[in-house]
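One chain, chain A, appears in both complexes that follow, with chain B as partner in the first and chain C in the second.
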Partner chain A sequence: MENIIELKNVTKRFEDDGSAAVKDFNLSVKRGEFVTFLGPSGCGKTTTLRMIAGFDTPTSGSILLDGRDITALPPNKRPINTVFQRYALFPHLNIYDNIAFGLKLKKIKEDEIRKKVTEVLEIVDLAGFEKRSTSTLSGGQQQRVAIARAIVNEPEVLLLDEPLGALDLKLRQVMQRELMRIKKEVNITFIYVTHDQGEALTMSDRIVVMNKGIIQQTGDPVSIYDEPQNAFVADFIGESNIIDGIMVRDRLVKIQGVDVPCVDTGFAENEAVDVVIRPEDLDIVEEGAGFIDGLVTEVIYEGAYYDIRVMAGDYEWHIQSNMSATPGKKAGLAILPDNIQIMHKPRSSDEEIIEKD
Partner chain B sequence: MDRNRKQRQLLALPYVLWSIAFTVIPLLVIIRYAVTDKDGHFSVSNLLAFSTPVNAKAFLISLEIALICTVICVLLAYPLVMVVRRLRISRMTFMLFFLIMPMWMNFILRMLALQMILSNNGILNMIVTGLGFQPLALANTKAAVIIGVVYDYLPFMMLPIFNTISDIGEDVLEAASDLGASPLSVFFRVILPMSLPGLKSGITIVFVPSMTSFVIADILGGGKIQLIGNIIEQEFTRSTNWNLGSGLSAALMLFMLVGMSFTIKDDILPSHPVKDEEGEKKEAPGGEGISRRAVL
Partner chain C sequence: MKKKLLDLVSRFYFIIIMFFLYAPILVMIVLSFNNSRSRVVWGGFTLQWYKTLFSNRQIREAFFFTIGLALLSAVIALLIGTAAAFGIHAMRRRGYAIMMGVTNIPLLNADIVTGIALMLWFIRFLPLGSGSVLIAHVTFNIPYVILALLPKIEQMNMAIYEASRDLGATAVRGFFTMILPQLTGGLLSGFFMAVTMSMDDFMITYFTRGAGVNTLSTMIYGEIRKGIKPEMYALSTVIFAAVFLILICVNFWPSNRKAEKRREGII
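== the complex of A and B ==
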C-alpha cells in the first residue's frame, strides 16, 4: 500500500516567537488506513488536521498528497473533506442540499447528484430525510449528515475532528460502530482526532499518540496499549501505576527498595527508570506472599472487578482484580515478570519525548 | 404561571401607552384628515391627489432615488461588512463607530458639511481638478441627494447585515471551502443566503425613509429635487392644507405597507421550495448494499 498523505517535518507556530503548537511532525498515512491522533487537550491534534485540510499553513515543513506537495494549496482545491466537531451544517439548506453542496460545485448533472445523495443517505441510515431542515435533527442525525456531506464527494482522505465529542456515551458507542461500518463500505482513508483513548483503541488501524505538539508513539492499538514507549503514553492509554525504579541489571529491577524480576534488558546498570504496571496485571495476595506489602485503603466493586488501592511506602498502588480485599488490613501485591514495563526516563522533564527507533 | 403572565403584561404597559400616544393616535389623526376635506366632510380626493402629474412625478423620483440608494447601500454594505468581519471587530465597537459616533454630529450639520464638500468649488472638486480632471457639477443634483441619503443610511443597512453575518460560524464557512467552494462561491452560496434576513430588514430600514427624506433633498438638492416627502412637508408648512398632506401621507403609507407585505409573506412561506414530490413518497428501502458500493 502506497502512502496517500505524508507530513514532513511539519511545524506550526501561531505567533512568530511563540512555542510550537505542532513540532517537527513526521507521519505517513497509507491509502485506506484508519489513523487516529490521540492526545490531551491542546496537544495539537486539531492544528495538525487543519493543516492537512488546508485551513492552516505550516510554519515550516511540507504536506504531500499522493506524492504531490499540497502545502500551499487552498482547502477548496484539495481532494480532502472534513467532518467538523460541531457538524457545521448549512442552516439555510435542507438535508438534500447540504449533502449535494460539494457535488453541485463540481457541476455534476442533477440526476447524478440525486442518485448519489440518495445512496449516501442510505449508508448513513437517513433515507427519506432529504427535505428535513437541519434544525429538526438530533445531534446524532446531524453528525451523520455531516459525514454524508463529506463522503458523498468521494474524497481521497476524510478528516474527522472529534466527530462524536458532542454526543452522549451511548450514542457515541453506536456511532463508533457506525463509523467503522461506513469506513469499510466506502473504503476512504480516515484521519481521526480524539482525546478518548477507548475510542482510539476501538476504531483505529494505527494510533498516533501526541503530547505538546510532539508525536510520543505511533503504532497499532495493541502495541500502544501493551508496549507503551514512555510514561506519558502508558499513563494516557488506560490507567497505569507509574513508579520510579532502578534497573539493577538485565531482568532485575528495584521497586520501592525491593528487587523484582522482569523481562527487560538493554538498560545501563543501576539506571533510573520508570516502571509501568497496569492495574489489571497486579494481584492481591496474602501479606508477605507478594513482592511488596501495603495497607488496603479502598475497595470499590465495579461489576466486572474490584478497584483496590493499596498504600505501600509513599506510593498508592492501583489494582483491578476479581479478588476482593478488606480495607484497613495488610495485603501483598504480586505480579508476573512479563507484565512489568520498564521505560527510560524522559530526557528533560518539560519535554516528555522519547526517541522512536 | 397565570400571575407571571399578568406581571409581564403589566411590564409592557408603559410601552403600550407610549405607542398609543405617539403612534396610534397621530396615525388616526392623519387618517381622519386624509379622508375629509377642509370643512370636515368625508372625501377621498386627498388620497386621489396622489395621481396628479406633479405629485406622481415627485413620487416616481422618490421611488427612483430610494431604489438607487437602497441598491448602492446594499452593494457598499456587503464588502464593508465582510471587511469588518475579517477584522474581528466586536459588535459593540461596530455599533460605536458606525452608528453612534456619526450621531454625535448633528444631522443638519452633517448635511450642510456634505453640501459644502460637493459644491462646485468644494473640497471634492479641488481634489478632482487637482488630479487633472474636469470639475464635477454635483451641487443641487439628484446625484448629490443620492450621495447624501447613502451617507446617512448606509449604517442602517450595514447593521442588520453585520448582525446576521457575524452570527455565521467560522466552521460553516470552512466547511463550504472544504467542500470545494472558492471564496466567491462561499459568499454567494453561504454568506449571502444566510444573511438574507439581515438584508431584508436593511432594505426596509433604508428604503422607506430614503423615499421621504425631504431634508436631505432640500439641502443637497437645492430645492430642485422635489421628493414626495417635500410635497407633503409643503402642504403642512406652506399651504397649510393638512388634509391634502395627510392624504398623500396615507397613500404613501398604503403603498409601503403593500410593498412590505411581500417581504413579510416571503418569511412565512417555506424558503426552500420543494424540488419535486418523488422523494417524499418513496419508501426507505431496506438494507441493500450492492448499489451503495456502486456509487462510492
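== the complex of A and C ==
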C-alpha cells in the first residue's frame, strides 16, 4: 500500500509566544488506513489535523498528498474533507443543500448531485431527510449529515475532529460502529482525532499517541495497549500501576525490593526502569502466596469486576479482579511474568520523550 | 394600603419623567400645526408652515444635503468601520484594549472639542466646505459602526466559514456566503446608528462647515438667531420624525430579527 499522506518534520509554533504546538512531527498514512491521533487536550492533535486540512500552515516542514507537496495549498484546493467537532452545518441551508454544497461548487450537474446526495443519505441512514432543516435534527443525526456532507465529495482523505465528543455515551458507541461501517463502505482514508482512548482502541488501524506536540508512540491498538513505550502512554491508555523498578538482569526485575521474573530483555544490568502493570493483570491471592503482600484498603464492586486498592510499602496498587477481598485484611498480589511491562526511564522531562522503535 | 401608596408614587414618577422628556417635543409638534404665530394661542390646524418650509430653496437644499450627508457618511463609515472591527477582533489583548479606548474617545469627547479640533486640522489642509463636513461625519460615525459590529463578530460562528472553505469555497465566497449573513444585523444597526448620529449632529458640523454649507440643524440655528418662526417648529418636527422612523426601522427590521433567530439556532 502506498502512502497517501506524509508529514515531514512538521512544526507549528504559535504566533504570540513562539511555543510549539507540534514539534518535528513525522508520519506516513497509508491509503485506506484508519489512523487516530490520541492525546489529552492541548497535545497538538487538532493542530496537526488543521494543518492537513489547510486551515493552519506549518511553521516548518512539509505535508505531502500522494507524493505532491500541498503545504501551501488553501483548504478549498485540497481533495480532503473534514467532519468538524461541532458539526458546523450551514444553518441557513436544508439537509440537501448542506450536503450538495461541495458538489455545487464543483459545477456538477444538478441531476447527478441529486443522485449522489440520495446515495450518501442512504449510507448514513438518513434517507428521505433532504428537505429537513438542520435545527430539527438530534445531535446524532446532525453528526451523520456532517459525515455525509464530507464523504459525498469523495475526498482522498477524511479528517474527523472529535466528531463524537458532543454525543452521550450510548450514542457514541453506536456511532463508533457506524463510522467503521461507513469507512468500509466508502473506502476512504480516515484520520481521526480524539482524546478518548476507548474510541481510539475500538476503531483505529493505527494510533498515534501525542503529548505536548510530540509523538509518544505509534502502533496498532494491541501494541499500544499491551506494550506502552513510556509512562505517559501507559498512563494515558487505560489504567496502570506505574512503579519504580531495577532491572537486575534479563528477565528479572526488582519491584519494591522483591525480585520478580518477567520476560523483558535488553536492559543494562541494574538499570533503573519504570514497571507498568495493568490492574486487570494482577490477582488477589492468599497472604504470602504472591510476589508481595499488602493491606487491602478499598474494595469497590464495579459490576464486571472488583476495583481493589492494596497498600504495599509506600505504593498503593490498583487491582481489577473478579475475586473480592476484605478491606483491612492482608492479601498477596500475583502476576504472570508475561504481563509485566518494563520501560526505560525518560531521559529528562516527559516533554523530551520521543518515539522509540 | 402601603402598596397602593407605593404604586401611586411610582406611577407619578413615571408620568413626571415622561412629561419632562416628551412634553416639550409634543408641544413643538403641536405648534408646528398651529395657525397662529403665537406660542400660547391655538389658532386652528394648518399645514402652511410646512408649505413655506418646503418652498424655501435654502431649506430644501439643507434638507437634501443633510440626507445625502447622512447616507454617504454612514456608507463610508460602514466600510472603514467594518474593516476596523475585523482588525480589532484579530488583535491580542493589549492591542485590543488600546484600540477600544481609542474608539471610545470620539464617543465620550465633548462635541465642541471634536468640532474645534477638526476645524483646526481642516483649515490647515483643505478648504472648509461640504467635503470637510463629510470627513468630519465619517470620523465620528466610525466608532458607532465598530461598536455595533464588534460583538457580532465576536459571537460569530467561524466553523461554518471553515466548513465552506473545506468543501471548496474560496476565501471571498466563504466570506460572502458564511460570514457576511451572520453580520447583517450588526451592519444594519451600525449603518442606521451612523445615519442618525449624522442627522443629529450640530456642533461638529457647525465648526467644520464652510460658508454657504448648511445642514438642517445649522440652518435652524442660523434662522432662530434672527427670530423664532413657526417654520422652524415644522422643520424640527420633520427631523424628529425622520430620526424616530429610523429608530423604528433599526428595532423592527425583519432581517435583524431573522439574523437573531439564526444565531440562536447555531449556538
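Definition applied: the second predicted complex is superposed on the first by the 351 of 357 C-alpha atoms of A that agree within 3 Å, B and C clash if a C-alpha of one lies under 4 Å from a C-alpha of the other, contacts with A are read in each partner's own complex, and residues count from 1 in each chain.
By definition in this document, a contact is a pair of C-beta atoms (placed from the backbone, for glycine too) under 8 Å apart; a residue touches a chain by one contact, two chains touch by 3 or more.
Note that this is a predicted model, so its numbers are computed, not measured.
For the composite obtained by overlaying on chain A, chain B and chain C cannot both be accommodated without a clash. Touch criterion not met for A:Leu164: it reaches neither chain B nor chain C. By the touch criterion stated above, A:Glu119 is placed in contact with chain B alone, chain C being left untouched.
Of the two partner chains, chain B is the only one that A:Ala127 touches; chain C does not reach it.
Of the two partner chains placed around the shared chain by superposition, chain B and chain C are both touched by A:Phe84.
Look at A:Phe55: by the touch rule set out above, it reaches both chain B and chain C. When the two structures are aligned on the shared chain, A:Ile214 is found in touch with neither chain B nor chain C.
Contacts of A:Asn94 after superposition on the shared chain: chain B is touched, whereas chain C is not. Within the superposed three-chain model, A:Asp16 lies in touch with chain C and out of touch with chain B [touch as defined at top]. Of the two partner chains placed by the overlay, only chain B lies in contact with A:Ile151; chain C stays clear of it. Of the two partners chain B and chain C, more chain A residues are in touch with B. Overlay on chain A, chain B versus chain C, candidates 22-30, 58-66, 130-138 or 184-192: the clashing stretch is 184-192. Residues 53-55, 74-76, 80-82, 84, 86, 88-92, 101-102, 105-106, 149-150, 153 of chain A contact both chain B in one complex and chain C in the other.
Across the interface of their complex, chain C is touched by residues 16, 53-55, 74-76, 80-82, 84-86, 88-92, 101-102, 105-106, 134-135, 149-150, 153 of chain A. By the touch rule above, chain B contacts chain A in their complex via residues 169, 171-172, 174-182, 185, 189-190, 193-194, 196, 271-272, 274-275, 279-280, 282-285, 288-289, 291-296.
Of all residues in chain A, those touching chain B in their complex are 53-55, 74-76, 80-82, 84, 86, 88-94, 96-97, 101-102, 105-106, 115-116, 118-120, 122-123, 127-128, 130-131, 133, 149-154, 185-186.
Those residues of chain C that touch chain A in the shared complex are 92, 157, 159-160, 162-171, 173, 178, 181, 262, 265-266.
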